[in-house]
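Next up: the structures, one after another.
What follows is chain A paired twice: with chain B in the first complex and chain C in the second.
On to the complex of A and B.
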């Protein structure tokens, strides 16, 4: 509860600071937000385990890990983005405020113990994200992306809410523990599981519910896309674990089949379509769909091994996505086509090396963290005897190397474009943070034990 | 006398239901859109009265306060602002009639299924739940809302705050050259800034 309370207190404070600063000095809003986030992170770290409000709030190792990651990623996004948003004319204090509203949604979802708090947390998150995507008001692209995201997201939420209401009707309780105990088997719980799973897939952007993802990543300024690509994934992982794995164990055999189909479809579609992309954000969007497929395979493998592998994958993936978006933001192009990465090594070697680490990690080359994340998932699949799935996943991981290697080739082997747009100056703070982001992938790949143990501990109980 | 007391709920329910149906018909049949909205207000008030019969005092009051007090007033404003030709709205009546009949049949089937369920021996339906609270349901609702569901209640509050922030973020524009009141300047105005007394030499009219 500490983390939620401190963040809930921080939000009105930031709102008032932004108001008092006259809407012009976002530096002050940003400083207050970052300092507040540090406090919130400390509060999340210190919060004791246990339930509150009759079990509708749960604090455990999983919730703590997700909350700390959420605070870290939100802070990184805030550090990477101001220039990009300023260039897009969308830098207003509300950006920070909405980002932290989204974080509160992640917190609530991460430690939700009842159907009601789970759904409310997701809605809080979704509303903040819809507004963030529409933040650049005079851009038709952003408006279109926001409209698509809003309409499809509302349908997804609606499907999930229908499933949740069925679960409530079947079990007679809002508490997830009691839903799991009394949900039982039967047509009703299968329909509920399918509806809930459709909602989850909408949120995560898994095939066949992925259509909004590329537009939502490309339409808004990159500073919004980096939030969209990283922080919410934590809440959606919590959603899968709390609602599907813990809440619907009786129907697991049935929804696991659906999950596997969606995971393989996401892997195939994401990997294949990403190959033909020319826009950096769009490429990362399709790549994200493929990564979601990988993550879902870990959930499908099930058990503590599969779930902790999926959690590790989620954490490593959002670290990579944040870094990749951070580098593209540092290029300061309004139209972030892949060509803007051309010859980056000659223009700014540090950025190019950071991006190299991130791309190699996304491919899954040892000793980077991305390799270990993929390895964990594959091992979990093999342990469960799902050898065929492991082979399919490995094949698509190899195919995906094509578009990551293409980016590396553009950066290192091609000459910069001749149009005089050579300048890359990320600024001291953001530059150092980006470098640290890239190095973190290396460090996590070589010494993964701390994070791996944390992930395992989250599913040990 | 006892007979009247026994039958009073039924009489009230039938009377109000009849009025409800009549005013619902009024909503769709009134020629003037403003009258339609006013009929809708009447619908809400009568529904609130029916809810009172079911011991749902709090919901009844909330219905009147929220829907009649806020939503319908807004709707009334909108209807009065827009120039709606009711005659043109009615042109598609024949075209959409089959669809309307279909929806009506579906609703009738649902009602029939409820009737059929009442005949079966479901535990919940056999004995309608009597209100377990003695001090009115406002208190019972409040006790639940502020203890067990306090967390969800507060999150809902934050969702509303987010809705306000979001709506203002997306719609408030500061345009240049807009003539708006500067209240602080108005309050700080002094007579000597506004009125200048000029000493003039008196002139005589020749």
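On to the complex of A and C.
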């Protein structure tokens, strides 16, 4: 709980610092935010296991891992983004403030032990994200993206809330443990499960609830998109585990079928549509839909094996997504079309090699971490006898290679565009961090044991 | 045998050196010489391996450490005679590949030579792996440097070719991955010896066999999944073509010997007629296709597909016909396939280097643009004729032995098939000789040919050593045969014994 409290205390502090000293560069605000995040991360690491408020708030291995990843990713996003936001005219203290509000939402969701805390965390996260997307207030595209995201997100939240109210009505309790114990099998619980699942799918951006994703990634500045693409996924993973897997075990057979259908549809649609994209953020958005499909297959496989594989996949995916956005941000193009990657190897070999590692990892080439993530999902599927699904997932991974290869091709095999000779200077801090981000994928691939066991431990109970 | 670490050295030395060259080499000359130096330095551990190896049919130089403990994946290396033969081939050919790109590669040399060395290390890793997941790691990661080599330094349609190469191979491999995962869940281990001894029902074997076949048939490549090869070869720089034809293709055959045959022996026997049929199509149809080519590189690429058809024919014909269940025959056929692979490694590498020599001078690969090259490049002409004849299977060259053994095995198993395959050898001679006639002999065709200069010292050294190897292997293949024989016998015993009966 100290982690949440210190994060909540950090928010007004950052606000005050920003009011007092927030110049145009926002260096101090960022520094205070990062230092505060480090403290919050330490508090989350040290937090003992246990429950509070009668079980509404739980701290366990899963929550701890998700919170630490959230702190790390938020910090990385803050480090990658200032130049981009500045160019977009959106570099204000609110960015850091909203980013940390979102993180608080992730924290609460990750530790949620009751329907109420779960929803509270999710909405805290969602509100912060809606506002972040609209941060560039004079941009029509950002406003459109925010509107779309808000309206569709509200529908998703509504569906989930309705499902949650049904669950409460059926079980007479808000505590997830009691919901799970009393949630019988019957029409009511199936409807509730379907509604909740629809809400989850909205949040994650799984087909057929994915329409907001490409716009929400493309509309706002990239500095916002990188937050949107990474940190919230942690909360959504907690949501699906706590609400669906732990909260609705009785109806699992029913919702698992829906989940598989959505997962395969996401894989297919995300992969196929991504092939024709020309805008980097849009491509990553559709690719994210495909990755969500892969991840959901791990959840569908279930059991400690499937869930820990899905958790591993989530963590590795957000690391890859953060790096990919980071490189594109470093290119300093307001219109981040794929062409801005042309000839990157000649312009900045370090960035190109970093991106190469990230793309190979996204494809799932061993020994990068992305391979281990996909491999574990395949193992979980085969273990459950879902061999056909494993084959389908593997084939879509091959199809997906096409658009990642296109990025590698643009960077290494094409000459820079006419106006693309411009300098690429990520700044040494962000540059080093990006390089570390790329190398982390290799290191995690070669020495995966620690992360793997952490993911396992989260589902040991 | 103590854990000598030699295998780790030959795998990781080139990888590390490659990373250093890619990162640090400031001038083209430094990159080249460093790359050549490392690839020659690799001969020392290679020679130590060869000397210390005891051909007893088992795995040697074993290194075994836990890697991903949760899933029982190990860093598990070791070689038998089959793997060692291919390792020696790789070590011998890499300097030739380096020399082939000496002048032709003029931009981003550091990255090129770095990628080449990394490629070598990863290929050696494939041959050394005794853990199937480790094998898969090397097998897949190998795609990345080759993707760059073709895509950055290739010809006009290089991007199409390299993406096709990547996607074809990747698609085949993921089926293997699913098969390996299934085997792990069944046996609790990724170690290859454990997979060899894991009993499996016939039905399981059938599925698994196709999983493996998907991966290895693409790599071999077998008809009809060979179409990436001509594209990749034509567009790749000479050094890339050499690596591709001489070593990369051999991994398909190696994979069949490591996984396809011993892990799923009953299914392999059951589907042997299918594989034999595909091999025959490759031998006949692709040879005809080769006859019609106008581009020298395409011709050699198609001839590679036809030759690799002999390899798969040799491995599977003993299982298909009347001789099924005969261990000695299977060992003979597999041995023929192995010799054919090694020999084809040298010959195809040499032929691609010959094309590279012509292309560096005349900047064309069209057969029609040449004629009477013998008049201006006599030394080159002698070597090219030698390699072309070896390619056609001339007795006394290495090309003869492999084909002869394969046909011998085929004759004992199915005389009709042998008759067909043997007759088709004429086709091989036809396209080789027809190419020679048009390129080497006759009057000097045009000014370009008249201006050609004969080989310089570097080219002579590279091609001359290839010629020596081709002839030496043709006249005295015994050391190679002795190296592989015990391993092949052991493998044949294992395959013939089958495993469905154990259930």
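Miscellaneous remarks
Note that the second predicted complex is superposed on the first by the 455 of 461 C-alpha atoms of A that agree within 3 Å, B and C clash if a C-alpha of one lies under 4 Å from a C-alpha of the other, contacts with A are read in each partner's own complex, and residues count from 1 in each chain.
Keep in mind that, in the parts below, a residue touches a chain if its C-beta (ideal position, glycine included) is under 8 Å from a C-beta of that chain, and two chains touch if they have at least 3 such contacts.
Not measured: the values here are computed from a predicted model.
Of the two partner chains, neither chain B nor chain C is touched by A:155.
Legend: residue contacts after superposition of the two complexes on their common chain; A:378 is shown touching chain C, with no touch to chain B.
In the superposed model, A:137 lies in contact with chain B only, and not with chain C. When both complexes are overlaid on chain A, the residue A:57 reaches chain B alone and has no touch with chain C. Touch criterion not met for A:147: it reaches neither chain B nor chain C.
Contact with neither chain B nor chain C is seen for A:442 once the two complexes are overlaid on the shared chain.
Of the two partner chains, chain B is the only one touched by A:124; chain C is not. By the touch criterion defined above, A:391 reaches chain C but does not reach chain B.
Contacts of A:28 after superposition on the shared chain: neither chain B nor chain C is touched. Within the complex formed with chain C, the residues of chain A that make contact are 345, 356, 360, 363, 365-367, 371-372, 375, 378-379, 382-383, 387, 390-391, 394-395, 397-398, 401-402, 405, 408-409, 412-413, 448-449, 452-453, 456.
Partner chain B is touched in their complex by these residues of chain A: 8, 11-12, 15, 52-54, 56-57, 92, 94, 97-98, 101, 104, 108, 114, 116-117, 120-121, 123-124, 127-128, 130-131, 134-135, 137. Residues of chain B touching chain A in their complex: 148-152, 154-156, 158-159, 161-163, 165-166, 169-170, 173.
Chain C contributes residues 68-71, 108, 111, 133, 136-137, 140-141, 143-144, 147-148, 151-152, 158-159, 162-163, 166-167, 170-171, 174-175, 177-178, 181-182, 184-185 to its touches with chain A in the complex.
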